[in-house]
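Given below, in the form of structure tokens, are the structures.
There are two complexes below, and they share chain A, which is joined by chain B in the first and by chain C in the second.
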Partner chain A sequence: MRLYEFESKKILSSYSIPVPKGRVVTSSQEARIFAQEIGGPIALKAQVLATGRGKMGGVRFAESPQEAEQVAQEMLKAEIQGYAVKSLLVEERLDIERELYVGCTYDDVKKTPLIICSSLGGVDINEVSRKHPEKIHKSSISSFMGLQPYKAWELVQNLDLPAKLPWAAQAILLKLWGFFSQFDAILAEINPLVLTSRGELAALDAHIEIEDDALFRQKERLGRFQIEEREDKARPPTPFEIEAAQIDKADYRGVAGRVIQFDGNLGLLIGAGGGSLTTFDAILRYGGKPANYCEVGGNAPVSKICKLAKLVLSKPGVEGIAVITNVYSNSRVDFVARGLIKAMVELGMDLKSYPVLFRSAGAFEEEGYAILRKYGIRYYDRSVSMDEAAGLAVEMIKKGS
Partner chain B sequence: MGMFVNLKVNERLCEARETGCQKCIDMCPVDAFRLESGKIVTIFDNEDECTFCNMCVQECPKAAVKVVKLY
Partner chain C sequence: MAILLSDSTRVIVQGITGREAVTFTKAMLDYGTRVVAGVTPGKEGHRVYGVPVYNCVETAMRNHEANTSVVSVPPGFAKDATFEAMDAGIELVNVFTERIPRGDVAQMIEFARQKGVRIVGPNSLGMISPGRVKLGPAGGPLSECNRAFTRGSVAVLSRSGGMLTETCSLLSQNGIGQSIAINIGGDPIVGSAFFDLLPLLEDDPETKAIVLFCEPGTFQEEETARFVKETSYSKRIVAFIAGSFVDTMPGMRFGHAAVIVHGESGATRTKAKVMREAGIVVVDFHSEIVAAVKKILNQS
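And now, the complex of A and B:
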């Protein structure tokens, strides 16, 4: 669960990490009143769960309370990356000298917590990591020992801070680690951590994500900051997604769901987890327009796959369907094939002319291919990579057969 | 009859009526069989779920069950 900026800052300030003085407002009048209280230049930040909102008009500045009111009014009507702006964080505007970056996350390869520091922070941190990898300093942390002060000290040396400030930075890093480990966070980054012209450090923005599976034991802690468990979704689920979720829920066996609706013309039955994401990306790269994202795996029964396939096939605008999966070890290829064919037959489709692409391999693949051969459906085995299959699917839709 | 699998129960051999045997019902992991007025019948929708585990064939004391692939 990703936290909003104001929630993150509330928690960070409880850990004595300095943050700019600010308040969340939901109306332009409140923004004006708080701007008056601050009595100086202010920053208005849209509270949305989008990354890079600064470049999309999600952060604006005002010199006077009147201007703040006007800006707030405009911002509260806006939409950023599909998220409606419902609240703003009004903050005192700091005089920034330099932007730094500190963050805690997990190293997927080493399977350990990871601390990252950089003397170049800000919105372009991803670019910095590409162009100046030497400016990014990483250190794996033992889960048992935690972040030791000496390690934090070593790391903050990389921030090129003027005298005395490394002590402050070390304290911030240790507190950030304290938060990270106590709250079961999977990401806690302060970007940017700014050095103000007054020679102080402050967390100007923070991005915190809490592990969803740990939320049950973090309820009380988060409750202290009035943060409730929620699903991070930009929009409410569509009827299509609700129906798919019901199909998945109705039978406990396997997964044939986690559907996200898109506006394209290529229906997808893809599986599972990382494999489906990779396939989805590949389809986009080849210029395809997926009609949906979904995951099929865990040995879902034929009936479940059939219902999902029917749902995807009957979605308006779908002109073809692609079943692309990795080498299945936890599902049976023949079940997927049966489900797909059953759906098409029950919908009264012409199996020979309707654009279908089937690329799957793994358990019971020969059985699956035998079924597909019988019904005249084009299929590919493991000799065709998922990436190639994605390209073929896009081509198939373009040709219309 | 399912689209992909046909499960056949030979009524002449099946002794469900006489002894109340329901071994195929008990064994089938996908519930493809059920009892209907003392007779073992198959559930068409679930026939397509058949995993070819052959438990019904192996357990039937009278060898009354047959699993037929339709592809």
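And now, the complex of A and C:
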């Protein structure tokens, strides 16, 4: 779960990491009032979970309270990466001499926590890591020992800071690690960490991601900062996706969900995880146009599969449906077959003429195939590969039967 | 026997009285795996398909000599259960539990390194040495396992549990058997990544070729390619990378927790490129694995 900038700063500041003076506002009037309180140049920053918002008009500046009000009014009407801008973080504008980078994350190759720092921070940190890898300093640390002061001290030597400031940077790095380990974060980066003209360090922006799978034990800690558990997607979910998520959530048994909407004409019931990825790719490579991505597995019951099938079959623009799964070891093929047929019958569809194709195998496949035969639905067993089935599904849609 | 499993594999199941564990314990016993004990705190004295249940791994180990454990406990207890197994002398821990916090997984792996223990997983359905031993739910009940997995000389390593069965079934349908089939787990950090297992497979006389089922996200495939290139790896590898469409949807999560792409990081096009440069045969369609493996087997 990613945190908003203002949430991240609230937490970091509770660890006594210096952040600019700021306030979250939801109206242009509030922006003006706070700008007046600050009494100098200010920055207005859209509170959205989009990366690179600076390049999309998500960060703007104002010299006076009047200008702040005007800019805030414009920003609060805008959309960034599909997200409506509902609130702004209004901050004193610091006079910046240099931008640095410090962060904690996990290294999936070394399988340890990783502390990173660079004397070149800011929006182009990815560019820096490509062009000047020597400017990025990384250190794997023991997850039992944590970040020790000597290691933080070693790392900040690379920041080329003037006298006394390495001590301040070391303290910031240690506090950042303290937060990272206590909150089950998987990413905590201060970018940029700025050196101001007054010779002080401050966290100008921060990106924090809390491990979704640790939220069960972080609720209380996050609650102290008024942060509640929420779904975190790269874009807002569509009504179709919301409905699918409800179907999956309503019954804990198995998975029949994780739906993502596409705008094609071929409805899909595919599974499970890796199987869905494989099938979806094959359909695209054969020139098919999927109406959705989804996952069906974990031995989901008939009722759940039926509801998902109905949702997909009723989606506007869907001209046919393909059920393609990997060889199931723990899910039942007959459940999937029953779920599909039940959905079609309940929707009053003509099972013999509607374009539908079924490829699954594994546990209870004979029972599944028997029902499919009874209703005249074309099916394939494991002798037809998932790729072939995907190709046949694309052909089926083109022919309309 | 190929790697990790052998005639002397003796297994305990931690969390044996759980719904899923009961089912796969039965499947393991049917397959011929020696499941010698189970552990569920508070359930000592019970039996699951004849397997005695203990309160602690330590007591289970005192009464039965075991060297392998399958961990199937809720995510909040998985780190503790894995520590317990390692402390009691278990040498191979297969962690089936999914959704374990990443910080816990990092500690489990660090402790395993100190102890010289191998972890497979978390979020792993297990592994099968066809016709001999099976660990965890991989492949399902005996009859399903026998249809999908056949004995032979190809090692199959997969980030997806379902696609492990599909891939082995596809190979078996085409007369190609497997020396070992392992679901390494779908998490961003796993105890045994492809690059951790390749050295073992290189020394395994039963394995003639290797198949990798890859997914978007993580640097695992990139690191594997680097390892293969730098060590001039001697065995031929065929890889299929599922989910290339995910490259076009940065920030979106699909399937496993690890399947997420940020720019070039974790993108399948990068993986395919570096793997090909390392001499790994990367096929575009999953079913093309068969022809690619046949070619390698015919050459050797």
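What we mean here is this: the second predicted complex is superposed on the first by the 239 of 401 C-alpha atoms of A that agree within 3 Å, B and C clash if a C-alpha of one lies under 4 Å from a C-alpha of the other, contacts with A are read in each partner's own complex, and residues count from 1 in each chain.
Just so we're on the same page, a contact is a pair of C-beta atoms (placed from the backbone, for glycine too) under 8 Å apart; a residue touches a chain by one contact, two chains touch by 3 or more.
Small disclaimer: the values here were computed from a predicted structure and weren't measured.
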Touched partner set for A:Gly288, first chain B, second chain C, both or neither: neither
Partner chain(s) touched by A:Lys342 [first = chain B, second = chain C, both, neither]: first
Touched partner set for A:Pro65, first chain B, second chain C, both or neither: neither
First (chain B), second (chain C), both or neither touched by A:Ala370: first
Chain B versus chain C as contact partner of A:Pro355, first or second or both or neither: neither
Chain B or chain C, by number of chain A residues touched: C
Partner chain(s) touched by A:Leu277 [first = chain B, second = chain C, both, neither]: second
In the complex, chain A residues that touch chain B: 301-303, 332, 334-335, 338, 341-342, 345, 370-371, 374
Chain C-facing residues of chain A, complex: 51, 106, 108-109, 111-113, 126, 142-144, 181, 184, 186, 211-214, 216-217, 233-235, 258, 260, 271-278, 280-282, 284-285, 293, 295, 297, 325-330, 361-363, 382-383, 385-388
Chain A-facing residues of chain C, complex: 23, 75-76, 99-103, 105-107, 109-111, 125, 137-141, 144-145, 147-148, 158-163, 165-166, 169-170, 173, 186, 188-189, 191, 193, 195, 213, 215-216, 218-220, 223, 240, 242-246, 249-259, 263, 284-287
Complex interface listing, chain B residues touching chain A: 3-4, 30, 45, 48-49, 51, 71
